[in-house]
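Same chain, two partners: chain A is paired with chain B first, then with chain C.
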Partner chain A sequence: MKLIKKYIPLAIVFTFGVLTLASYYVPHKVSVDYTELVSQWENIVYAFAFLLGLISLFYSHYNKIARKADGWGYSIFVFVGFLAMVIPAYISGGKQGSETGITLLGWSFRYIYNALSSTMFAVLAFYIVSTAYRSFRIKSKQAFVLFVAAFILILGKVPLGQIIWDSVLGWTKCGVSDVIEWIMSVPAVAGKRGIMIGISIGAIVTSFKIIFGIEKQYLGKD
Partner chain B sequence: MLKEKLQKFFKIDRRWIFLLLAVMLFIPIMKPLGLPNKTISRDVQHSFDFMDKVPAGSFVLFSLDYDPSTRPELHPQAIAMIRHAFKKNLRVGVVTYIAGSTGLIAEIFEKVPKEYSKVYGKDYVVFPYMANPVAVMTQMASDMYGIYNKDEAGADARSLPVMQGIKNYKDMALVVEITGTAMLDYWVAYVGDKYHIPVIGGVTGISQPGYGPYLQRGQLKGLLGGMKGAAEYESLVKVPGKGTSGIDSLNLGHLLVLALISISNIILLIIKYL
Partner chain C sequence: MDLLTHFWTWLCGFFVITPAWMTAGAWLAAGLTIFLFSFLYKDNPFFKAAEHLYLGAGMGWLLQVSFYSVLVPKVWEPLMKHEWLVLVPSLLGLSLLTQFIPKISWISRYGFTFLMGYGAGLAIPVGLSTDFISQISGTVQPLSMMASMTPWMIFNAFLVAFGVICVLFYFFFSVEHKGHMQKVSNIGIYFLMIYFGAAFGNTVMARFSLLYGRFDQLYTFSSSKYLYATQFIVIGMVVYFAIHAFFTRGGKEPEAAR
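Coming up: the complex of A and B.
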């Protein structure tokens, strides 16, 4: 049992991990063919992952509705939303309406999904503004530096801000776009580079740990 | 007494702030302020210049990976760049790795090609949605028809006139990625750097500062950031669109955020030293 549940998966991960890593650096036809084949396999696995995700989503929300858990009413809309997109797609069979010039799925996308998705994201703006007022407290020198940088960036992002800057600080002969360019190319890039290097080293180490079987959490508890 | 009064400002019902923002956004939509956009940022100018120098007839691959949630910022960017490509008589191919993009891509190509008398199959092609972007990007390096053997409508991609002479990245002049996700990083790491194909990006305003390292190293030839980036590109292409008209709302929205942060901190200071 240990062979099937532990050693074979570890051997598969090791083999494909090493081969895929090597194929990135080896520009030989065999390596390219291997990458193509694995890419196609990956797409097939991806399709099954989609299906699995869908079943899991439905199962979880069905349980919520069945148990009348907190907020179970919202779970109904998971099914309503899904059916609102899928049923029109099946009914129309990809045929365009003579008047609208779009398929029923296209109609659902444009007038249901489009509107709902935009609304969800737009609501964020209201929360951000409210939070900015209540929570952005300058309590330290670091917070002050952050505030000044954010202030200049926000101001410079819009024409009205540029006009205000020019009328107040125009005598300095230093435009807000010059200051933004400096902030973006020096401190922002330095910070981002540090983060990127840190993330990359972390990802490399984790990948090696998985390839060499040190990290085995993906195998589950059994 | 004054201290207590000032403290009340922090207990204000947040619905008043919501209302204030709604009014600030709504007014310019109804009555545009028409403020001039004085400057063109360096990275937008670089994007425009790069696309402008691509010889007519070259193939440009657009990867449009955004859904309606980031539409206000990214859709105008995509439209402005596709307009530029058509204006320069470039061949355009479109791919996407976000399922929610397909409807938005359809919206673009219902309208924009007609403005330049471009014909589907001859001047541009739209490929179907594909999952697993990294695998697809890797596959396209050797033979893109291994993945995209058919276009969105199911026609044989190889036989389309727009695809003549195009097999992989070596045959393309430029990749343009417009996205609200991390897809631009993938294009840079798995395609731009590895196969030496120029990449230009279009991202949301909030993720723009994160691409500084790629721009400095030349891994990105240019970058459009948010609605301002779209407005700037529209002014370079000389076709004002949603980016230009939306910038007024952005003006007031941004200034409201600054005003609220400043006011709350000034009140805090007064309370502290009172």
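Coming up: the complex of A and C.
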């Protein structure tokens, strides 16, 4: 039992890990075909993994409705929203547009999903402003540097900010957009590169640990 | 059977998008937008309903995407052509669903280990080439082309290289940060702060551009063409909050509304 519960899964990780790693560096038709095939397989498995999440979500909200838990009425809207996208998708065959204009799926996407998702992210603008108020209370030199970088970025991307910059610092012959470009391509790049190098080292080490079966927490408990 | 076909044809005809559908869509979009914005005043049932609707709509959208762009072309159609190899990833995928049956949930390991193995195998070369080597080469390469660079460009190239080294020192925990090590890592913090500040500024502006987009759409929906959808819904929300405030005056707010 230990063989099929533990060793075969670990062998699958090792096999696919080593083959995928090797195929990246082997310029041969076989490795190209392998990469294409396994990439397709991954898409398929991810599609089923999505179903796992979907069923889990539905199960949780169905339970809330069945038990009449606090706020159970809102759970009905989860199913309403789901059907509002899936039924039009079925009727439209998954197409958002046709020769005559938008399909029912396109309509649902534009007036339901897009309206909801963009507003949800737009609402965050207000919270970011309140966060900015807290984070911009300059308590140290580092916080001052963060403030200046963020302030210039924000100032330079609104017309009013550009006018203010030009009237106050116009004599320097250095536009705010030039300063932004310099920040983004020199000091910010240095910070970003340091982080990215650190992340990549961490990701590579963790990947090796997974391939060689050192890291196996994802298997769960026996 | 004929009756069913006729019904289906009639149903599909009903769902042809006409100007009336567009007006209904405007009312729906304006309503959902205002319901979500109403949270800025305070938590309320309209916001919660819209929030749950978003969750469901998001899942519905992703399902149709994975159905029409993965499951149909990559599983169903090959199976119809008797390409049995797709059964392998399909079975691996189906194995994930055994998570719901505790007794055989171990079967899901087969699907997960495939994803982990493939992901780990891909993460190493991708991480090496895009994040590790290309970042180092991007830092070092300008230093090898100084003959064709202006003094300002040379200064920038050195500043980037110096900044990267300082940031790496800051993340290097194998040695205690004391003396010169501490000084260098402290300079690294300044470079990190500039990056965080710039990232923060960009995020703020991206969110605000979304906000302008929503306001612009609300303005569009406030026209007579859309039967003043925005105005009517805003007035409705104001009336709701006024009535709610009137009836809960002096009383405690219900737990769920807080």
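General remarks:
Keep in mind that, in the parts below, the second predicted complex is superposed on the first by the 195 of 222 C-alpha atoms of A that agree within 3 Å, B and C clash if a C-alpha of one lies under 4 Å from a C-alpha of the other, contacts with A are read in each partner's own complex, and residues count from 1 in each chain.
The rule is short, and it goes like this: a residue touches a chain if its C-beta (ideal position, glycine included) is under 8 Å from a C-beta of that chain, and two chains touch if they have at least 3 such contacts.
Bear in mind that the values here come from a model prediction, so they are computed numbers and not experimental data.
After overlaying the two complexes on the shared chain, residue contacts for A:Leu83 are found with chain C alone; chain B is out of touch.
In the overlay built on the shared chain, the residue A:Tyr34 is in contact with neither chain B nor chain C. Contacts of A:Ala203 after superposition: chain C is touched, whereas chain B is not reached. After overlaying the two complexes on the shared chain, residue contacts for A:Tyr133 are found with chain B alone; chain C is out of touch.
After overlaying the two complexes on the shared chain, residue contacts for A:Ile91 are found with chain C alone; chain B is out of touch. Partner contacting the larger number of chain A residues, of chain B and chain C: C.
In the superposition on chain A, no contact is made by A:Trp72 with either chain B or chain C. By the touch criterion defined above, A:Leu21 reaches chain C but does not reach chain B.
Looking at the shared chain after the overlay, A:Gly194 reaches chain C, while chain B stays out of its contact range.
Judged by the touch definition given at the top, the superposed model places A:Ser177 against chain B, while chain C stays out of reach.
On chain A, the surface patch touched by chain B in one complex and by chain C in the other comprises residues 24, 38, 40, 42-43, 46-47, 50, 101-102, 106, 109-110, 113-115, 117-118, 120-121, 125-126, 128-129, 132, 147, 151, 153-154, 157, 184-185, 188-189, 192-193, 196. Taken in their complex, chain C has these residues touching chain A: 11-12, 15-17, 21, 25-26, 28-29, 32-33, 36-37, 39-40, 45, 48-64, 66-72, 74-75, 86, 88-90, 92-94, 96-97, 99-100, 105-106, 109-125, 127-128, 130-132, 135-136, 138-139, 156, 159-164, 166-168, 170-171, 188-205, 207-208, 210-211, 213-214, 217, 255-256.
Those residues of chain A lying in contact with chain B across their complex are 24, 32, 35-36, 38-40, 42-43, 46-47, 50, 101-102, 106, 109-110, 113-115, 117-118, 120-121, 125-126, 128-130, 132-134, 136-138, 147, 151, 153-155, 157-163, 175, 177, 181, 184-185, 188-189, 192-193, 196.
Across the interface of their complex, chain A is touched by residues 10, 14, 17-18, 21-22, 33, 35-39, 41-42, 67-72, 100, 102-104, 106-107, 110, 130-132, 135-136, 138-139, 141-143, 146-147, 194, 205, 209-210, 212-213, 216, 226, 228, 247, 250-258, 260-265, 268 of chain B.
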